[in-house]
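Some structures are shown below for you to check.
Here subunit A shows up in two complexes: once beside subunit B, once beside subunit C.
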Partner chain A sequence: MMKKNGTGWLFASPYLLYGIIFFAVPLIWSLYLSMTDWNLISPVYNFKGIDNFIEAVKHPGVQAAFFVTFKFMAAFVPMVIVSSTLVALVIHGLPKFKGLFLIGFFLPYLASGVVSSLIVKGLLSQNSALNVFLRGIGIDIDWLSTPLSALLVVAAIIAWKFTGYYALILTAGFESISKDVYEAAAIDGVSSSQRFWKITLPLLYPALFTVLILSIGVSFGIFTEVYQLTGGGPNYATNTWQMEIFKQAFTNLSAGYASAVAIIASIVTFAAILIIRKLLEIWGKRNGWV
Partner chain B sequence: MKFKKTASLILTALLAASALAGCSKGDGKSADGKTTIEFWAAPNPTQQVYWKEMAKEFEKKNPKIDVKVSPIKESPTSEASIQSAIAGKSAPTMSENINRGFAAQLAESKALVPLNEIEGWDKLIKKRNMTDTIKTWKFSDDNQYVMPIYSNPMLFGWRIDVLKELGYNEPPKTYSEVIDVTKKLKAKYPDKYLWAKGDLADPTAWKRWFDFFMLYDAASNGNNFIEGDKFVAKDKAGEEVLKFMDDLRKEDGLLTKQATDPFESALGIFTDLGPWTFSYWEEKFPEMKYNKNFALSLPPVPDGQSTKNVNTFADTKGIVVYASATEDERKAAMKFMNFVYSNPENDLKWLETTKLPPARDDLSSNESFKAFFDKNPELKPYAEAVPNAIPAIDNAKFNELQTHIGRLAVNPVVKGEVDPEKGWKEMKKAIKEELKK
Partner chain C sequence: MVGSKKNLTFRYIIAFALLIVMVFPYLYMVLNSFADWTQVDKKIVPANFTLRSYEWLFSGGEAGIARPWLHAFFNSVIVSTLSTALMMATGAMVAFALAKMEFKGRNFINNAVLFQMFFPAIILLIPTFLIVQNAGLYDTYMAMILPKALSLWAVFMYTNFFRAIPDTFIEAAKLDGASNFQILYKIVLPMSKSITTVVFLFLFMERWTELLWDMIVVRSDSMLTLNVLLSQMFGPYGGYPGPMYAASVLLTVPIIILFLCFSKQFKEGMQFTLK
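Right, the complex of A and B next:
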């Protein structure tokens, strides 16, 4: 059997090797570390059983990371879905140069998170033109030190970054809807809202489903923007899983504890994506879109 | 057949690798008897140039030792890179740019060599004239893990041009004097602040070195904050510092929102200043001139306290030798340090290149540095303050401890969310619990 499928195994081997080296081994190592008090440096460390996990669930930083991720999701996912759909709609309607515009919108995805965060930091500083103008009309916001605005600012930067990428997927979705369907609907006297709910949304659903799942996944991996702009503050209001893991592993030198946090984070991420995915599938099935 | 071919190829590769590895004798010496030491320097071009030059001169006089200088990677921070290197068993022989807190973390994990155990340490201290400076560097286990390169007493900068407009010819020295300045400033310029610093509201641990610790070291006359695993901070001094911050807030003297170049634009007229700022100003703000539009002073102190010999926080960094270094490498590393620091000219070169004050007792009196300070008068107050500068706490948990200072005391006080006494009490409780863990 093995001999028969030799070619298949050969072709799969690079990925398998990659998976073993960069996924399976680190995962097993991380599981082991999570039960120790190793600090990455010391040659001596102790077995702690599940103590790290108990300590982690009680820690305000970890508790904040759990809720902050869902808050980011609640802000970022609608933002990016709306913006990428709008961009996709505009590009879909263009008679020419669709590719060129798509590349333009895709560029922020390639931009460094550090650079974009620093630009935003400058834009939101107290003496920036924007804030001077806002204060002139009576609006004075402490953007990065107020929990809600700090969260929204980070969500907006990430939404800006991913809009072009998701617009690419959604444009492909729009392009795949045949014009004949709309023409037939127009002959039958279908209204524009019916056209959206009965034609566009069902036929766009596969692309939308992909974008939704991808964007939910992004919510669990936010780091650079938070690290650069807020450091997880004010008072843990933007403390994400990655931020907490980084702080514990590399600032506090608690690699064992950080591994436990990472494992909790991956379980939460896996469970949340699984549940949301199921809900989306049920939504699609109930409406007869899949 | 194919299997045999593959196996023989792998075997050949393994043998070749073993043969190559054999060239090194495992004691840090190569086959030709040369000892190679790897030196990781701070990742900035000026320090790279300095250390490469030092290594070249050293190698000329010590042909049996090679010093390989390379920058510490910052992925994402230099500390993280060092930790990864130690974990991956690829740590260098020695590195610079290590602060006392990080050194304490490394020392606790036995990743550093106590320098006082390597032959040549005492000679180094004597030759560099740093007997007094090194005293405050002793770790709680009585060892010296860091050879301090520079000891930079942090000073406060004042916009002297604005102060003069308010009727002051020199910076205020006590808390009540500072509050008076704030009142006059707000009366004349309601849009300006005394202290415009977004970091006051940021809990990141290291940020406390440049606000809380400067004021605490001054208010407590340099009393330690932590000794070993004990919280020994003076409650009165700590509460007074927080109350001072709270009073400034009440006078609308604090701006805790992020602002671009607040001191340079005179949005704020008071800020912590390190000597590195002046090179940056030369390029970006050439209009900033010492004693024309800015002045330097030691931290203000509580009313009734002496304003002479005021203590302040010392931003200090130095060289460490890693425990993975062989005996020969350790000896070579000490020889290299002795070479660099036995000649004041090398410290002068450092000073000229980086503007960071070398950690030596005679900085303000040694003739070698006189011409430099005459040419750079703004750096003289730093040199004079070296003996009164207190380095960072040497507890391995300094990150957690300083995060508590920010999160529970400084940040909520400057925002008016907690009163100073309660903030201090909660911070103290959290720190004590952390130290017990």
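Right, the complex of A and C next:
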């Protein structure tokens, strides 16, 4: 029995090492750092208690990160739900070209965020075909320097990235709905709107719920596209948590302060996802979808 | 819903239209990488083509070291390959313990993996950087590999898959005197090809396109990965958009080739993933 326990722990040992070095230690270190004014370089630093946290919640960059995350969510989640549902609705059950569709719709998910950002920057550059056309009909937008359009452009890039992946989840949902159910409904004379609300949506809800939770999670972790295209601007309009933490820790070298911001970000993320998840469950139950 | 032929044709038309919209930006990227430098980002389809962007990319570039782009490409290959190999090996090992071995503390480890998986990782960024720095690994390959030597997601996926493998196979092998390592590598893993493909492709893709971590633990020009080099050259070389598109192609093509090579197993594996 002893020996058996031994091999079990031996096989699990990579996780134990990893969990200690890259989870437990950093976690405790982070809590400690957040109460100091360390600047990543200086050998001496002072203990500040909860001053960093007070400073952080008053800081415009942190306040922006809090609201920008929800703005991204409000733009990105509906975009990606509509686009992935549309793709799934069209391709589910198609007998041919499955491989082509899989790779094609997955491509934006596979490509680097740096590449996607670079292409979008090119497509939206001053003299691009799109902007020349828009100016021709009297619309002149500096896409990435206008707060609202910058936010929407980044949200659209991320929606574009995840559409294929989520469509795949939804396709599995659509394909799990048996044709018999629709046939039985057709015989009973169910109208098409009733069919959608009473049959398709409840049966699709588990897949839709997964996609909603995943996409809400994504909203809290936006970095690459913002770093590449706007740097969090203009005037904090696209300043996400990761962007703010990166700037404070590795540009301003305020490691202590940035750790406090990271803790606040984690608490907000954790709480928000938990609350939204609960609300979705209640909403699903009330409608009888779960 | 039930497809008549006309209905099906209509859906194919819409499907291809959607597909073109989704991949159009990448076609634009490829076209612009071959475009004459005066025409980059001016038209949807450039009129004149040249290989100048690729010549620029593979010869000089204009950074501190010789052939920086090729160098960065090889850095990416080294880091992504080693990191992915480690993540797969550790993932399968830990998952085998969690799914198929009985030992004291198994539940604890299982719960710890799940807890850590859903923990907001951003809180760990700064201290993990400090650990790497204090270990003397700043600006080395190891700084990019070791903190990404285990993937909780890989452990999770493998654990779920291994649980579905009937115990009788393992019992039989044990009676034949096979060790746990032999059982894992000779019986369990060969039965898990489709999930291994999915785990490999996703881990490699994620590692290949990592930006934040690879950017903060490395400083010298000779250590940058291709993704980080492209990210850094993005702004300053705004005047050279052609080569930036060529570099984007260089960064995207390997991933596409990998997915095409494994597309059959990938399709099978995704079926399991989505259940």
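Convention: the second predicted complex is superposed on the first by the 266 of 290 C-alpha atoms of A that agree within 3 Å, B and C clash if a C-alpha of one lies under 4 Å from a C-alpha of the other, contacts with A are read in each partner's own complex, and residues count from 1 in each chain.
To be clear about the criterion, a contact is a pair of C-beta atoms (placed from the backbone, for glycine too) under 8 Å apart; a residue touches a chain by one contact, two chains touch by 3 or more.
Bear in mind the structure is a predicted one, so any value in this text is a computation, not a measurement.
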Do subunit B and subunit C fit side by side on subunit A after the overlay, or clash? clash
So in the superposed three-chain picture, is A:Phe250 touching just subunit B, just subunit C, both, or none of them (first/second/both/neither)? both
In the overlay, answer first, second, both or neither for which of subunit B and subunit C A:Lys58 touches. neither
Once chain A of both complexes is superposed, is A:Asn235 in touch with subunit B (first), subunit C (second), both, or neither? first
Check the residue A:Ser145 against both partner chains and state whether it touches subunit B (first), subunit C (second), both, or neither. first
Name the contact category of A:Tyr227: first (subunit B only), second (subunit C only), both, or neither. both
Counting residues of subunit A touched by each partner, does subunit B or subunit C come out ahead? C
Is A:Arg286 in contact with subunit B, with subunit C, with both, or with neither (first, second, both, neither)? neither
Quick one: classify A:Ser128 as touching subunit B (first), subunit C (second), both or neither. both
Let me test your reading of the model: by the given contact rule, A:Ser42 touches which partner, first (subunit B), second (subunit C), both or neither? first
Of the stretches 23-31, 41-49 or 59-67 belonging to subunit C, the one that collides with subunit B: 59-67
The shared contact residues of subunit A with subunit B and subunit C are 121-122, 125, 127-128, 227, 246, 250, 255
Under the stated contact criterion, what part of subunit C meets subunit A in this complex? 1-3, 8, 11-12, 14-15, 18-19, 22-23, 25-26, 28-29, 32, 40-44, 89-90, 93-94, 96-98, 101-106, 109, 112-113, 116, 119-120, 122-131, 147, 149-150, 155, 180, 205, 208-209, 211-212, 216, 227, 230-231, 234, 241, 244-245, 248, 251-252, 255-256, 259-260, 263-264, 266-267, 270-271, 274-275
Mind listing the subunit A positions that touch subunit C in their complex? 4-9, 11-12, 14-16, 18-19, 21-23, 25-27, 29-30, 33, 86-87, 90-91, 93-94, 96-108, 110-123, 125, 127-129, 160, 163-164, 168-169, 172, 179, 182-183, 220-221, 223-224, 227-228, 241-242, 245-246, 249-250, 255, 258-259, 262-263, 265-266, 269-270
Residues of subunit B defined as touching subunit A within the complex: 76-77, 79-80, 83-84, 86-87, 105-106, 108-111, 196, 198, 201-205, 255-260, 262, 265, 267, 396-397, 399-400, 407, 411, 415
In their complex, what parts of subunit A are in touch with subunit B? 39-44, 121-122, 124-128, 142-145, 227, 231-235, 246, 250-253, 255
